[in-house]
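Heads up, the next two complexes both have chain A, just with different partners, chain B and then chain C.
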Partner chain A sequence: MSVFQKFFSKLTVENIKIELMRTAYGNEPTPLAKLDPRMLILWVLIYSIIPWLTHNQTILIGLTLFTAVLAYMSRVSPLLIFLLIVGVISQFTYLVFAAMFLGNSFTVLIAVIPVTMKVATVSLATMAVFTSMDPEKFSDALLKLGVPGKFSFGVSYGYRMLPILIEEYQNIIHSFRLRGKLPAKPGFLYSRYVFYYIKMCIMAFYPMMLNTAKRTRTTVEVLEVRGFSYTLENNIAKDIKLNYLKMTKYDYYFIGISTLITALIYIVGYQFPL
Partner chain B sequence: MILFENVSFRYPGAEEWVLKDVSVEIKKHEFTAIIGGNGAGKSTFCKVINGLIPYYYVGDFEGKMSINGEDAAASNVASLSSKVAYVYQDFENQLVRPKVLDEVIFSPLNYGYKDYIERGKRALELLDLTHLADEYVWQLSGGQKHLVALAGALALTPEVLIIDEPVAQLDPAHAIQLYEKLKYLHSELGLTILVIEHHTEFIANYCKDVMLMEKGSVKWKKPVKEALNSVEELTEKHIHPPQVTMAAFHERPLSEQLPVTLEEAGRWFENYTIHEKGMPFTVSPEKQQSIVEFNGVHYGYKTLSRKIVPVIKDLQLQIKTGDRIALVGSNGAGKSTILKLISGLIKPLQGDVFYKGDSLKKVSPEKRAEKIAHIYQNPEEMFIEDEIRKDISFFLKVRNHPAQEEITNRIVQQFNLEVLKHRDGRLLSGGQQRRASLAIGLAMQPEVVLLDEPTASLDIATRKKMIAMLGELDSSVKAAVIATHDMQLVAEWATRVVVLNRGEVIADTTPQELFSNQFLLREASLVEPQIVSLCHELKIHPVELTIDGFLRRIKWEESASECFSKVL
Partner chain C sequence: MSINKERKLTQSQKMMVFVLSMSLFGLSKMITELLPSNEVGPIEFSISYFAFIPLILAALFHPLYVAVGASVGNIVFAGLLMGDFGGIGEIEGFIEFTLAIYVAGLLVRNPLSKVQLAIASLVGVGIDQLLSTIVDIGKVWFGVEGFDAVPGLPESIVVLEGVSFLNEMVITGVLVGLIPTLILTPKLYGKIEPLLGMRPRDAKVETSIGSYITPGLIATIVILTFVGMIAEFIAEMDMNLAFWSADFINQFADDQKWIGYSAWVILAAGAIFIIYKLVRKKGSGTADLDQAA
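Showing the complex of A and B:
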């Protein structure tokens, strides 16, 4: 089996579901996972801004490396890394092609590198953070930071529904396959098959949305019965629930070390700009 | 405790009253079953008790409802529902949190109890769920999810517990387990329990009172024995009394006191003599041709930790022409997996499946569909078009079948879907959805049809119709395989039963033999139909699988003295 085929045999809805759920909930005791979720949110916000404020390539290389190390330490799912690489490469190539087509010069190649690194830094930082923080903590942190209760609950409920939605989607796609008809010939570069699958994936959305809409009727009633609206009006639960969120020494160490490393990268960058 | 005084309700803008002049009292510590056909107002009645009506669903509300003497008019959903817990029929949608512990502390937390964690843990302990506390909800089995929903409701220490059709989506073994828990909650914790229930056998065994609703009003409320003895009235309303009651009723309709439980029936039929019956007459099967064959098939799925959990182990199985196979076994035994392996939705990890001798390894589900129809457990997931007629013709249309119009029309008629054919499948009732899904399958003109739980969550009347419809499958297909928990379906329909336990076939036999073998039933955690239990009780061997069969085997022997006294 070629590498390509091997890869595609692994790219099933089932595997994607598992990887997504692992990213969301499969928490391992990594260094970042021990942090207060508010600190993580703050950190990722800072790190999605910093790279855009510089053109110095040494600094950008440093930042990319730093976030890559953090992503590695947080054990980001291989699927996400793969998607990132595909994303970065495809973006890089299309920018280069566009630039060559318009400007007809290879120098653009070098001009595109910084943008690519910036995107990579932000993506790596985001992946590291969201792998280390389950949706529950994220939602609690948002609530503590003053985001309305309905929204923060929506975040955690959305994640909770994800596996159900994927399963439903998978079953509907199966429904199409159990009655549909594959194109007789694969076509050039399997183009007919690809078209068939893409069409099916799009068509399956509509039944999924309708089925989901039907389910939520009970959920809405339940939220009422189980006191969710009551707690939104009275705010009593908020304090009890968020009691566990505390900034510890560990959080301050983390922000300290982070700042130090970033500062170092900047110093080196200004000393030895590429 | 709960007092309804002339309560009426209708949804805003509606003409019809959903509740009409309801006056009834539910006393403290009752265990009451609410019965009635579709649209009788059972759920509406229960939603008045926890205040969803009229505080959430605002409409025209008349009369007065009070709990413990407190008028509900001066209350609100929050304070009413902290006293009244509610478990929905579609309980999966009731679970809103990712982990089991989060789920059970959700309500106490929302109501601001400081000891919310202890409350949640206590509720888990009560139902023996403590070991699941850290599990993710979507990884639990159906039975476990139902118990978690119940625990979530109990965490508020309510006084009243309402459960809407608890066993509709559970397999029989789990259904009994659930009712045992309810019995415990009722007797030990003194909870008042209301269940909306179709299954009269459970009502007879566990409930104390029965309340019949019809067209929005309460017809009567009687003690359970008296209620289930109204055989004629109940059957007229499509509610079927327990099998033992039916058997006794057919035997002596004028009897004053019909049995409602197995125990009572044992005593009731005590004086009957039993006809011997030779070994069942077996037709030597015609030369059967093998259609589908499993050869050393293994299958497993991946978990979050990327480990593979085996589901099917080294399966050898042949499906032959003329077979009506029932796949039985508890949840997770691998029934649905076998169906998916045949239709090609999943592929074996090892081994191979053959169709008429040809390996299916490289055959896509689309290609297999030309011979094999797979009908899901959840019909909603089969509706991929916006009306049923289009769904039925989908298969034929993409294949440009020359006779697509005729076939579609014929199927629509055959399944009595003429009136419904332009409606969206999702908006039909449960029974209609099943019928439509069967029609979709048969419009593919398959040689083999695979059905996953075709009778699940149907009320008894619809279920009978479904079983009759399945009986006619033979005329159009070569073989049929049904994965099911419904032992009555097995008894009435199957010619061959394949019993699975943890991914292995532990028996391949006839229904007759399966139900005679109590050891096998226990090993696969199956629950036999009540009439079979009665045969065991009365030592009728070989057992009978239907009420009619049972009635043919017994005879009322009037003792000589009684005859004599009559003459005098």
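Showing the complex of A and C:
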């Protein structure tokens, strides 16, 4: 319990904001940061498919460990790891619980373990890659791969604007709390407090929507002055923007090493299946 | 009167509506991810998303751009930024949610009518939750090895998904969907549109619902739902994804073969579409050159 209390004392909005900004901008010299973003996207896609192709538990353990090591090397933030663990656990506990309750057996628990490992592998691979990738590079890579320009714009806009949006939302919440009044009695199971906070979270979106609308108009008008929509459709402009993306020797090393490790995991898995 | 005529947007206004919906819904999704959830036994009482944001925007602006924007926001903010990206499975959520919000937006003909807003919010959240409940049940049905052999699992999954559907409808649909939509839409109507440089929708437009629900729309809905379901099944099933190998169909049990066949059909349709696009793109590419020259 004390571990949880310690964790939740750190879980303030301020800390979350810092962690998210670190995910978005903290481009530390991690091993994955130097790689070509297109290659990394492809790598994540492959790694989010291969765990689903096998029932062999040794291979699954190997893949989970490999992605966990990569996530550790990319210095994924503890907040994201915590959210991942909570997510994975809560996704399957209810199923196990219910089947034990209704069917009185533990077989479900064993049936569910491989699925849990598969989900964990995919999430760890995603986190490792997106912590180390610069948002600008990521959206350029998407554009180069032929993703609609609006989506890749959305990605880089999201990364850049998110800290500002969170701060603004937090300020609105603060002013609501300053002017508002907490219910005198907590009510049954703190229900009055819960409703008070939920109502505040919802009502805070009213000024938020208006402010964001104003900001959106400014952003889009500035973009259009620079010919944004036209640039996205013009192939020559796109080529000039994107020609810095190149595969280097380092990329080929990475492909080689991760193929080798994956092959090794598969060989060990077929030799000693669990 | 067609929807494109009634809620016409210019190029940059489309972008504004898209960005607005994306950032607001992405932010709200992030907040709901961080809110604590109360679990009573296996049933979870939590807000899965603030449904009122896309609902209000879809009632006030062109629903298509709002719906696509909200789905993109969901993937970018809650998926990529939080490290919770589901791969192929995200396609299912994207299609379901876009569809739900688009249909909800079409149902609102007069943004000041409470009845229409209420129907739209319930139908919107209902479509999304119903589709995801069906897919969830199917996922465990096909996904867990020896599903029928495990005692109690088939009954429990159906009961649990049913309860969680009702629970979602009450919390996400009514508490953070219907009620805030009814309160906030009249407040925002006429205020938020000038900020984006456009005129508010004409509240007195009386068009029949039949003019929106065209056969084309219904066909698209059915096809998209089906594509989403197949994508989710394929993503969740423990199976070989080698579509081209002869074993691909054989790994399904006899009564599941349709999943394999439809994956083939979707793949083929996608390939044809991409080839068609590429051929056309080549044509437009030379046009670009000509223009630049």
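Just so we're on the same page, the second predicted complex is superposed on the first by the 242 of 274 C-alpha atoms of A that agree within 3 Å, B and C clash if a C-alpha of one lies under 4 Å from a C-alpha of the other, contacts with A are read in each partner's own complex, and residues count from 1 in each chain.
Just so we're on the same page, a contact is a pair of C-beta atoms (placed from the backbone, for glycine too) under 8 Å apart; a residue touches a chain by one contact, two chains touch by 3 or more.
A quick note: this is a predicted structure, and the numbers were derived from the prediction, not measured.
Aligning the two structures on chain A places chain B and chain C next to each other without any clash.
In the superposed model, A:M127 makes contact with chain C only, not with chain B. In the superposed pair of complexes, A:I85 makes contact with neither chain B nor chain C. In the superposition on chain A, no contact is made by A:L242 with either chain B or chain C.
In the superposition on chain A, A:L145 contacts neither chain B nor chain C. If you stand at the C-alpha centre of chain A, chain B and chain C are 90 degrees apart, rounded to the nearest 10.
When the two complexes are overlaid on their common chain A, residue A:I257 makes contact with neither chain B nor chain C. Comparing chain B with chain C, more residues of chain A are touched by C. In the superposition on chain A, A:T219 makes contact with both chain B and chain C.
Of the two partner chains, neither chain B nor chain C is touched by A:I267.
When the two complexes are overlaid on their common chain A, residue A:M73 makes contact with neither chain B nor chain C.
Touch criterion met: A:G180 reaches chain B, while chain C stays clear of it.
The overlay of the two complexes leaves chain B and chain C separated by a minimum Cα distance of 5 Å. Common to the chain B and chain C contact sets on chain A are residues 157, 159, 210, 214, 216-217, 219, 221, 223-224, 228-229, 234, 236.
By the touch criterion stated above, chain B contacts chain A in their complex at residues 50, 52, 56, 77-78, 81-82, 86, 88, 90, 92-94, 96-99, 102, 106-107, 109-112, 114, 116, 136-138, 152, 301-306, 343, 345, 364-367, 369, 373-374, 376, 378, 380-384, 394-395, 398-399, 424, 426, 440, 444.
Touching chain A in their complex are the following residues of chain C: 11-12, 15-16, 18-20, 22-24, 26-28, 30-31, 33-35, 37, 39, 41-44, 47, 50, 52-53, 56, 69, 72-73, 76-77, 80-88, 140, 143-146, 149-153, 155-157, 159-160, 175-176, 180, 184, 187-188, 191-192, 195-197, 235-241, 285, 288-289, 292.
The part of chain A that touches chain C in the complex is made up of residues 16, 20, 23-24, 44-45, 48-49, 52-55, 76, 80, 83-84, 87, 90, 93-95, 97-99, 101-105, 107-108, 111-112, 114-115, 122-123, 126-127, 130-131, 150-151, 154-155, 157-159, 161-162, 165-166, 169, 198, 201-202, 205-206, 208-210, 212-214, 216-217, 219-221, 223-224, 228-229, 234-236. On the chain A side of its complex with chain B, the touching residues are 14-15, 18, 21-22, 25-26, 134-136, 156-157, 159-160, 163-164, 168, 171-172, 174-182, 203-204, 207, 210-211, 214-219, 221-231, 234, 236-237, 240-241.
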